[in-house]
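Handing you this structure, nothing more for now.
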């Protein structure tokens, strides 16, 4: 890569020299005989000068040819298969299409490259303190994307969660077809609005049963505001792009432990209240209740 | 509307205002902020003899639900609750030839109202026909609607705030309703229970 | 922060300012089944809720009386009505006291009767029964409601309710619809009666809205 750049640089430089020397030839030709050639044998002097200039040009040209020969040839024009015919489009408003297509192709190509790099870096520096390991021996389902999945896959996931816990009732509505928003009510304790992006959990708001289902206003109760915060932390913790359905399932399993939000004392201090709040934190692995200050 | 526990706080030879003062200092020290005043009142009507067996209608108002009139009808065998608009008082006036009230029985509990976290605490001075009778402390835990789920938590709060005078068992009225969804009428029931006891008890003698 | 006043204080203040709507101005009439469509059409044109169309209702009404025989003379009677919507599941019940109607002199355009109207919880039926009230009769009304300013116009079919028969099998009591024009207002606002008379004029001859004297009706039967 580095070497390529150097060669390209020197090639460009030699082209520059060539151009400037060619310019000098033309300059001299256009000026013709000048006063500084003197009176005697001025034609000969002029011809000699011209010959000298032409030799320099010749040398420069050779340099250019050499450096160009050293360059690795570019991979050639992008050929996007039959879409090339788009460039032949005659209607005015569609003429720009091909250009945009090529641009977006380049973009996705770049994203591919960057994400591969990012993936490499991130996999060596795991920020995830999870106990689950991605065993390489287990054959992983090839999942090309998890934010753009058919709606019946999500539907199946939601129904399976619904069956998993008897005291969690789930109602769904879909403002946008592939991205459902579910209302999960946990017994008579609380309810959560969970917004999905494909198979990933995008947003969680926890509220009292009597409050609205609106996704954007937080609960008026301090305890549910805290639980919402903790849900966000857990949502990030359980997030796993490789196994999105497992992530959702583990999240719901953890979420289910709030069914004793008001009745369970803190595991550490043994009290119900701290700062007038019940234990709002649940350990991510053991699901045991803790006060925020006691965890 | 959350689960509410109503409990009597002994005055122990202190005057009513002094007791309220002690309690409000305590709750402020815990970090509560005063949010206005509250008032719960109760008027009792009894049926005239011509209507047959005697029945009693208790009509209560709670400043927490200012547009509602709560009524509890006691037939001797059962108690029927009713929640209506404010105009029910007007209807009770129309019923004056069937149900009459004894003026000496008008009971009320009023005083400061505090908010602390998700709790709402009310310190009420109880008077029956203007005679001071005692102190009622109301604590509401607003996020929770099932008494059984948050009783232990409320008990801890009450004991932290009232010390040994805090209740050790749920109020009698709630004891067989612990698993049901709590509603404002349940608070009214608890107030009526206490008012009935206060009415029977001899007056402490001090005028509030 | 001042202490909240008692509910009775605010009620008596409201009574003093005369802002409680406790008078009902009423005109009644009926229309035969085959002409009801024409009437509805006409009302749609005359009333306020043109674009949303008429509001339909389907109510069950129970009429109670509380009576006590006093030692001398006629017993005191307090009529009370309970209405509940059959088509809206979680609507509150409605409790209503309707007083004796005053026909007044001939020049008064409408019947005026005192009325106390309030929403209440579903325990009201049991409450009234245990209070000593007697259920006199009940019926089901199904029809449409229109608004014109503060006037309310209902066009409803009345059905018999017999025993515990399901609501779907009720029979209509006649081949006509009951038409009522009413306003609930604080007392002393007699000008509204004139508005009602003018509106009733516009419905003639389809339906004749009049002051109905129940006492006379009773003696005719």
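Which chain is which? They are A, B and C, in the order written, and residues in each are numbered from 1.
The rule we apply is simple: a residue touches a chain if its C-beta (ideal position, glycine included) is under 8 Å from a C-beta of that chain, and two chains touch if they have at least 3 such contacts.
Keep in mind that this is a model prediction, so the values were computed, not measured.
**Q** What topology does the chain contact graph adopt: line, ring, star, complete, or other?
**A** line
**Q** Of the chains present, which has its C-alpha mean closest to the combined C-alpha mean?
**A** Chain B is the most central one.
**Q** If you tally contacts for every chain pair, which pair is highest?
**A** B-C
**Q** So what's the Cα centroid distance for chain A and chain C, whole Å?
**A** Distance between chain centres, rounded to whole Å: 67 Å.
**Q** Between chain B and chain C, what distance separates the C-alpha centroids? Give it in angstrom.
**A** Spacing between the chain centres: roughly 36 Å.
**Q** Chain A to chain B: how many Å between their CA centres?
**A** Centre separation, chain A to chain B: 60 Å.
**Q** Give the residues of chain C that touch two or more other chains, as numbers and ranges in rising order.
**A** Residue numbers touching two or more other chains: none in chain C.
**Q** Where on chain B is chain C touching in the complex?
**A** 34, 36-39, 41, 43, 47-48, 50-52, 55, 57, 61, 63, 66, 69, 71, 73, 75, 78, 80-91, 94-95, 97-98, 108, 110
**Q** Name, in rising order, each residue of chain B that touches chain A in their complex.
**A** 1, 30-31, 116-119, 141-146, 148-150, 152-153, 156-157, 160, 181
**Q** Across the complex, what residues on chain C touch chain B?
**A** Where chain C meets chain B, its residues are 1-8, 10-11, 15, 20, 22, 66, 68-70, 76, 78, 95, 97, 116-121, 123-124, 126-127, 130-132.
**Q** Sort out for me which residues of chain A touch chain B in the complex.
**A** It is residues 188-190, 208-210, 219, 221-224, 260, 262-263, 265, 271-273, 275-278 of chain A that touch chain B.
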